[in-house]
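For reference, the structures are reproduced in the following blocks.
Shared chain: chain A. Partners: chain B in the first complex, chain C in the second.
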Partner chain A sequence: MSTGCLIGSAVIAVIVAPWIGGLLRGIDRKLTAHMQGRIGPPIIQPFYDVIKLFGKKPMVAGGAQLAFAYAYLALIITATVFFALRQDLLVVLFILFFGSLCLPIGALSVKSPYSQFGGHRELLQFLAYEPILLLAAIPIALKSGGFTIANIFEYGQPLLPHLWITFIALLIALAIVMRKSPFDISSSEHAHQELVRGVVTEYSGPYLALIELGHWYEMVLLLSILGLFWVTGGLWWLSIIIALASWFIMLIVDNINARLTWSWMLKFAWGAGISLVALNILFINLGWM
Partner chain B sequence: MIGTLVGLAILFPIITGLICLLIKNHRARGGIVSLTAVVLIISSILFLRQGPFPIEYSSASTWDSVILVFNYVILAIFLFVAIRDIGQRGISRHNILAIALTLAAGIPLAIFEFSWAPHTPLEVTPALYIDHLSIIMCLIISIIGSLICVYAIRYMRDHEEHRMHLGELKETTQPRFFFFMLMFLGAMNGLVFANNLLWLGFFWEMTTLACWGLIRHDETPIAITNAFRALWMCLIGSVGFSLAIMFLWNSSLNTISLMEVINNGAAAGPLFLLPFALLCLAGLTKAAQLPFQSWLLGAMVAPTPVSALLHSSTMVKAGVYLVLRIAPGFQGTHLSTLIAIYGGAVFLATAILAISQSEAKKVLAYSTIGNLGLIILCAGINTPLAIAVGIMLLIFHAISKGLLFLCAGAIEHHIWSRNIEDMEGIARNLPLLTGITIAGMLSMLVAPFGVLIAKWGAMEAASSIGVWSTLVLVLLMLGSGATTVFWAKWIGRFLCHSPVPGSSKMEPFIPLYHGILLMLITFAAVFSILIAPVYNSIVAPALTETGYTAALAFTTGAWFLKSPMGIFAAWPIFIIITLALLIPALTARAKPEASRSSYMCGENVEIGVDEFVAVADERTGLKTGGFYIENILGEGNLNRFVVPVGIVLLVILFVVAMI
Partner chain C sequence: MGILSTSRVKSPWLLHFDCGSCNGCDIEILAALTPLYDIERFGIVNMGNPKHADVLLVTGPANYRNYRVLRNLYEQMPDPKGVIVVGTCGCTGGVFHNCPNIIGGIDKVIPVDVYVPGCAARPEAIIDGVVLALKKLSRS
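Let's look at the complex of A and B:
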């Protein structure tokens, strides 16, 4: 792909991603409501919410809180841009992690018990999913011959048949990143559980809107990474199907599970998630896959 | 010219150290220390501009005799202080082990030097072998080490004033302190230049001596105990040294020239990996790897500049330097793979242990041990890319960790505590100092800084070593996750405060604190931006000279650093991330009227007051705290597994070396 094309796709990614993310969020709420026997809000409710939040009066409860809300969004957009530019997958992940880290640090920079609670738990979520995502880059690179996303496009064959074990592990990681049950230990949809609102307790108005926007980008980016598993070798549209199917699985899992403890989450992620990817790497190294 | 520069690098700091020993005047001593710093920095930079490398240099043979004599003098000092300690404080595990291990290291060495060697002292040509790897070390020691010494001028004054105020100290002990600090720098420079294994061993002992002297500096019972622990643990490495020398001389190789051992190691016969394993043992003890980590953790009782020096530019760096130096000798062997696994295990174990620590210097210490583990992992992977990454990590870790210890020291002198819980919200009163500290932590943790670039390289390098790479990578990734957690939650503690009514005030600028800290954080940033030229000008030549193909490590362009498997677009990432962080950090300021107190279910008192209304309208203090998961991840719990694992790995290391 020419440089111009790449830059074009980066621009498109930055513009389109939040629309897709917001829409998915809306469908999520609608479907969840149906599963719970409610009607639910309109599908474009998340956009109404964000627009309304931007219109609210800014309020701040701690020193560095603001900077981290901006940095969160900016870094996740940066990661999206580097993804669209088909850069090194590890580098994209590192930038994404840095962005994700702004959320707990922002939460910890307010002297508020609920926010601290959410921040600490968010760090534990991070501890659970970061190693899986990083490790998952390895079998992808081993199979496609390099760590850049361009390598995956040049590889010419779908990755999923060789890397389905890694894919399962990534689904576990995705559930943790998206804070879906049973892994929603750092936040909750409802305002009056023991967490109040987890990491975002102390964010309100326009700053909460920034974070919501960041979430949308983050979700689209993660789903795109899952899409990489069938991006070449004909039937490229399967990548979109795979991404959407993964998202739908998350939704189902979210609705049929209750929140579990952090130690269970960590054991499950480090035990099952890491072992799966490790097995995949081992199989590739032994020439079995 | 070379002779002069070698003299300036090794002898000059030792001599000025001796002068410090005689000077009682604070100002004059500060002058001497600053002068030494300036001379060391300039001479190390001049050294870099010498060439062509490698330089082989042999001094007059009298120096061989001097080193021979002083080597036994140092061993005698060890014996003397340990026996004196028995007299003063009774027999303990530490002083008995110190005596036993001094003898175990000294007697084989004496047998070798006075009975086996054809003539005493045994000379080797060249006595000094100086290539880019040595020069990189020399730059780290001379620049960062010197800056730490300059910082110590102010720090030790405050430190002693505080101790005198508490009545713990009657008269100044700074002459001795600066003697050991400066001698340390000279010994380290000697260590990285030495080619004659006897010389290397001598400088090795000298760093052990300086380290012992600095840890026990405050002369509290705990300091004395911990100093002895450091002494005997490092002496285990010295035993390894002596045995390696005997083995090498007795083998068909019949040499004690380090370069010959590395280049023709395999000619030493079927057991040729054994001396490498023994030298690795020396490196691992010095680098405080498992199961020897307790000496470095105990070393934190020393004044903070000592920790900064031990962790960034001297002592532990000698350990990883040695492992990196001899890595070409065991390339492609099982020993190499095992060393990679060993490093990975250390990286993971220390990262998890660090989560449970609330003592600032202990967190930093675990982080150091972990990063050294990462360097050792790179040496074990032993591909050109891995070695390049190891060297880069050596540089960046030295800058960032030196900075962070000095930050911890400066913070300590503002709040008189080393506990992270006491650092809650200090960003409010010490904005500049906290800002630099957080920047330093980020430089250990996130893109685009050098440590992360190195981590990225390590991950890509580790993926290329076949079946065992799976294990190494799992250790590496899990460790990486845990590392993020302990840094992030510490950063969170600094920032945790209620909104400040009115505009915040900057703390007074102390040149010897803030100035040096700013200098180091600038180094961290500039070297990260200039990573491609830095790689090309010093790291790539170091690779070539040690026998690796630099082209297989990184290729560089104006915008990027390219490994054989991936690409790090250094410049664009740096620019974008700096913008993404700096603009909000500097401009995102809420208007005072936007300040609110945090969510307390509506029971708040007023904005900026950390209280809430309890029963009967009673105002109750609001407290928050960090999390440490002490009951699960604490030392008491994890060391039961971690230490045995370290011992087992060490045993396997030797088994692998012998089969």
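Let's look at the complex of A and C:
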């Protein structure tokens, strides 16, 4: 692909990603309502919410908090740009890590106990899913011959038949990143639980909107990484279907589960997630996959 | 209406505070969240966090025990915001009127926009009250 084409796709990704993320979030709320026997809000509801939040009067508990809200959004957009430019998958993941890390640091910079609680739990969530994401890059590199996303495009074959075990591990990571039950331990979906809204309790108005926008980018980026598993080999549209199917699985898991404890999450993510990826690396090295 | 005021009307997040009510009105507020009334249809979400809320729903009479908490919650909500009082106790003090520990209606402590009378107020009346408060939000 030419440089101009790549830059064009990066610009399109930055503009289009929040629209897709917001719509997915709206469809999520609608489907969840239907699963609970309700009618639910219109699917453009998340856009109403974010525009309303941008129009509210800014209230802050500390300057550091603001810096981290902006850093969160900026770093996640940077990761999206690097992804669209088909750069190194590890670089994309590391920028994403730094971006996600801004959220707990911002929360811990405030003295509110709910915010502190949420920040600590967010760090635990971080500890649970980051190793899976990072290790998942290894089998992808082993199969496609390099860590860059361009390598995956040049590989010419779909990755999913060889890496379906890694894919399952990535689904566990996706559930934690999307903050869905049973993994919504750092910021509960609705704010009447023991930690209010946890990590975002102290963010209000426009700064909450920035974080919401960041979540949309993050979700679309994660789903795009899952889409990479079938991006070549003719049937490229299967990558979109795979991404949407994994998103729908997350929705069902969210609706049939209650929130669980952080220790359960850590055991599950490390026990199941990391061993699945390790198994996949072993099988590739043995030549079975 | 501009896009901002449309969004304000379409996405009111509620904060519910029980100022010492008998829980009758609180049960009716929670009834509005059930699939029968399903207030999320209108984008209304019950938030437990004053910093995220647009509309404060108060039940029960203002009293010396917790009026500071009520004022604190009100001040933590970012503008523009609305206050709805649900139930007779919150409107005037109701059956607790003239008790030694009671100040009176909620409007003795914080400015109130909408009064929803009733003992207890029905969920339809509460939803109606929220719609009235939205008119204030759309103007601001």
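The rule we apply is simple: the second predicted complex is superposed on the first by the 288 of 289 C-alpha atoms of A that agree within 3 Å, B and C clash if a C-alpha of one lies under 4 Å from a C-alpha of the other, contacts with A are read in each partner's own complex, and residues count from 1 in each chain.
By definition in this document, a contact is a pair of C-beta atoms (placed from the backbone, for glycine too) under 8 Å apart; a residue touches a chain by one contact, two chains touch by 3 or more.
All figures in this text were calculated on a predicted structure; none of them were measured in a lab.
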item	value
First (chain B), second (chain C), both or neither touched by A:59	both
Comparison of chain B and chain C by chain A residues contacted	B
Which superposed partner A:281 touches (first chain B, second chain C, both, neither)	first
Partner chain(s) touched by A:36 [first = chain B, second = chain C, both, neither]	second
Chain B versus chain C as contact partner of A:201, first or second or both or neither	both
Partner chain in contact with A:249 - chain B first, chain C second, else both or neither	neither
Chain B versus chain C as contact partner of A:51, first or second or both or neither	second
Chain B versus chain C as contact partner of A:10, first or second or both or neither	neither
Footprint overlap on chain A, comparing chain B with chain C	57-59, 196, 201-202
Residues of chain B defined as touching chain A within the complex	425, 427-428, 446-447, 452, 456, 459-460, 463, 466-467, 469-471, 473-474, 477-478, 480-482, 484-485, 488-489, 491-493, 495-500, 563, 565-569, 573, 576-577, 579-581, 583-585, 588-591, 594-600, 610, 622, 624-627, 632
Partner chain A, residues of chain C touching it in the complex	3-4, 6-8, 10-11, 35, 38, 40-43, 45-49, 51-52, 54, 76, 78-80
Chain B-facing residues of chain A, complex	57-64, 66-71, 74-75, 78, 81-82, 87-91, 94-95, 97-98, 101, 104-105, 107-116, 119-120, 123-124, 126-128, 130-131, 134-135, 137-138, 141-142, 145-148, 196, 201-202, 263, 270, 274, 278, 281-282, 285-286
Of chain A, residues touching chain C in the complex	29, 33, 36-42, 45, 47-49, 51-52, 55-59, 190-193, 196-197, 201-205, 208
